[in-house]
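Here come two complexes built around chain A, the first alongside chain B, the second alongside chain C.
Right after this comes the complex of A and B.
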């Protein structure tokens, strides 16, 4: 029985499902965003074309929403990355049951679902943008920590001992050796946090209210409350573009085993 | 550092404990019970047809999503090339997309489908969110040692089917079970796609809880949230135990 190293076709069923669910939905979103709103039933006016929805999004009327979404995403990232570092760092050299228990503690808030934490946060925190920010940090941090942990566990940490052996203090070894080695992992965790922060829906929708509307929550509002499907689709397209830009940016030379 | 780690983990776990505590409140207001505890909200939420149906629907849809995620993950886990960075980007794509935008794009497509097909669409989309986890867990188990065992069984005269049945599947079962449990857990809790794609009367638990969370919160939601937390943590704990047994 030969290992199927060259059997790339075995991945085709999964690839087909990803393509089937992502490509048509993205094309539909773009098509919908460029159509005039339907007057009455239906999602859009067939055979129509307009840039109006995008023009509105970059007009003085729409720009605050986009700016707030970007600022909110950046603020979430600023909160998530340090916490992810704090959570991932001690587990980088753990093994066996210690690692499993650490992972369970780390992932429990996410594996318990969103309903549990959101009920508590809704009861404990006043409505507002800060509460929505805290909720998003709470929801994203475990995943970011996991991504960072995977990177940190791929590094040979005896270099820290070597640095200390050469006279560096504990904090110097972490700051001068540990942090640069962790750089790509921190970048990836930051990308994840910013990508999800830009698309933040749960926290702003439940805890911020209209004052903290992001593109994702306004999209829901336009579609379900105003029946402006084309406007909602334009916001969705803009959100996709922003998130794609976040994931596509990568500092040159940052690959595994080739740390700056 | 360990102390700080423990503090941050406790901070992350605290809201779960608070929700569980609130669910045992005897009064209809959100007061944390100290002396008197009650299970009245659990009784009421399970007696409610709407909530019970949503819970049952969430559970079977999650089971289907988990099974689909595992079925999709098995072939690429065997083809080790499917772990390269290009493939990885493809597998992670659905999880990285802003869920609200993805769901918005799926809505017109779902709108053209009959109700049954719409549920299949939702199950498939949720399966894609758990698929990377399933691929990771199963891929880790199908390591070079696993492949050598299959080769050894073949060298000793076993047919490919026998080698898989007698050697491969028993070794793979814990990873497959863990992958199923984790993928199903992720689907069970998925809140955004179902919010956009579920029809009225066909909601899952997160979709049904949504209006209550947005406007007037009731202890019923705290009770249902506690139940879903229990399901999620039990499934995830079992999955990690299965993986941990291997680690030891």
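Right after this comes the complex of A and C.
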């Protein structure tokens, strides 16, 4: 008897959508990044080829921008993950009204979209990199907390009770059992935060200004202020590679509740 | 029927674990009603009751995971009502075992020692000795628990609860998910381990056979009240309550008839195995004969239900021969058989 086949065909619409939306735009981005800039009107010089834009990004002139972007992304991740943990942990076993209220508190700030809260933060906070960092944490944390919460709610938490019964103090139970079991969820929340933090645009643009120049803000500047679309595309490609690398890295053997 | 019931043969020694008037409420619903109970050191006690009787609640209160609404919990004579679980030194085996999936078997077992500050090498030595005690093969010790069979996981859970040297071992229906044969084997193993270690053990179960077979002392709960406690044979043969008589096994509860020795409001409990097939009674015995209603094959015997003297009777017949429905069953009620149940009988 043959085993029943998985319903892989259910993923086809999603794959088709990805193929339609992502593939053409990515190909165009790569093509733009490898062409010389247009002289006068137009986005790029047809039938040209150059590595210049990428060379500039890894030159002493471009590297600080890349380094700042990576550092900013890591800093945002370092802020988001602990906060996401603090928000998701109490909701891991709650149900009914407690869960509904918790999720509302988590997601309500997002109902105003991204830009709205940043306008308010722009008024509340002084202009600078730290404010941009706080703003990005504010934007990303609810999504990271949701990702973590989904993972945490799939775990049988009687293990914490078991740990207490075996003599562990509450902090020991969390450190020796809770955190390791939450590991994959924390990793995913961290990936989300880092992927988002690397591409940070709104926070640095609105709250940091020129001091908080990231790849994303510079990309916008190159394209729309300087009309250097090919340079912007090269920055876009680099961002894409960085974010893809973040999402593709995964410790081997991690499944829910099963750690190396 | 709530009240104070000492529940071990060694009444003179102070109990290791004691509940004094413990009640527990879930919102407006009272789950436990003023339970008082003492567990002697070194005894194997089973807490038996149907689903929803409050067994697990009582165990969680003893373990310190839940606090009673009223009453006290005493461990070794000291008031532990407000002590956290880690301060009580009790080993709890959870219903679903709650093994740590991210740790190997031996690290699961050494956990209780590690959190007490025992160096890892010594903790692992003790863990391995305990795994040997529960007869878990050495080739499984470095596996994660999800790569063990159900029976092996039970052994790990018991070893984990024993390894740190608990004052008492509490088990919350640990064999529920297993098939009957494995349950019986593991139950016997548990009893062997308890005898070898001498650890005071409280087993929560809804399986009457398991409780009767394993325990020194049986405590029966129903709807949050303590019905009766004592040695299993005493509860089986001399229950104070007709519900308990039926809960512990097949029972003929006789409320009318010429052989009834009970007073008004009482009834006579006759176990099916007390009836003797045949029709030649000795002096003082009663004969029963009437049509067979139903025959159930139970493996070791047949349970025959028949009508006699306006009463439905059940008799256990060993051997391969059994009457068929409609045939006449003849049985003897020996003069000394039966037990007067003194409360809760309906005429």
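Here is the rule we go by: the second predicted complex is superposed on the first by the 244 of 260 C-alpha atoms of A that agree within 3 Å, B and C clash if a C-alpha of one lies under 4 Å from a C-alpha of the other, contacts with A are read in each partner's own complex, and residues count from 1 in each chain.
Simple rule for what comes next: a contact is a pair of C-beta atoms (placed from the backbone, for glycine too) under 8 Å apart; a residue touches a chain by one contact, two chains touch by 3 or more.
Bear in mind that the values here come from a model prediction, so they are computed numbers and not experimental data.
Enquirer: For A:181, decide between first (touching chain B), second (touching chain C), both and neither.
Expert: Only chain C; A:181 stays clear of chain B.
Enquirer: Mind working out whether A:86 is in touch with chain B, chain C, both or neither, as first, second, both or neither?
Expert: A:86 sits against chain B, while chain C stays out of touch.
Enquirer: Is A:169 in contact with chain B, with chain C, with both, or with neither (first, second, both, neither)?
Expert: Second partner only.
Enquirer: Could you let me know whether more residues of chain A are touched by chain B or by chain C?
Expert: Comparing chain B with chain C, the partner touching more chain A residues is B.
Enquirer: Based on the superposed arrangement, let me know which partner A:158 touches: chain B (first), chain C (second), both, or neither?
Expert: Once the two structures are laid over each other on A, A:158 reaches chain C alone.
Enquirer: In the superposed arrangement, does A:190 touch chain B (first), chain C (second), both or neither?
Expert: Neither chain B nor chain C is touched by A:190.
Enquirer: What is the contact status of A:204 with respect to chain B (first) and chain C (second): first, second, both, or neither?
Expert: Touch status of A:204: no partner.
Enquirer: Could you pull out which chain B residues touch chain A in their complex?
Expert: The touching residues are 1-2, 4-5, 8-9, 12-16, 18-20, 22, 30, 72-73, 75-76, 78-82, 87, 90-91, 93-94, 96-102, 104-109, 111, 121, 124-125, 127-128, 131, 135, 144, 147, 150-151, 153-154, 160, 163, 182, 185, 188-189, 191-192, 195-196, 205-206, 209, 213-214, 217, 221-222, 224-226, 228-229, 232-233, 235-237, 240-241, 243-244, 247-248.
Enquirer: What residues on chain C touch chain A, complex-wise?
Expert: 63-65, 84-86, 89-92, 94, 96, 98-102, 111-112, 114-116, 144, 146, 160-161, 164
Enquirer: Would you mind writing out the residues of chain A in touch with chain B in their complex?
Expert: So the residues of chain A touching chain B come out as 1-11, 13-15, 17-18, 21-22, 24-29, 32, 43, 83, 86-87, 89-90, 95-97, 99-100, 103-109, 111-124, 138, 141-142, 192, 195-196, 198-199, 201-202, 205-206, 216-217, 219-220, 223, 229, 232-233, 235-237, 239-240, 243, 247.
Enquirer: Help me check something: in the complex, which residues belonging to chain A touch chain C?
Expert: 156, 158-159, 161-170, 172, 176-177, 180-181, 183, 257-259
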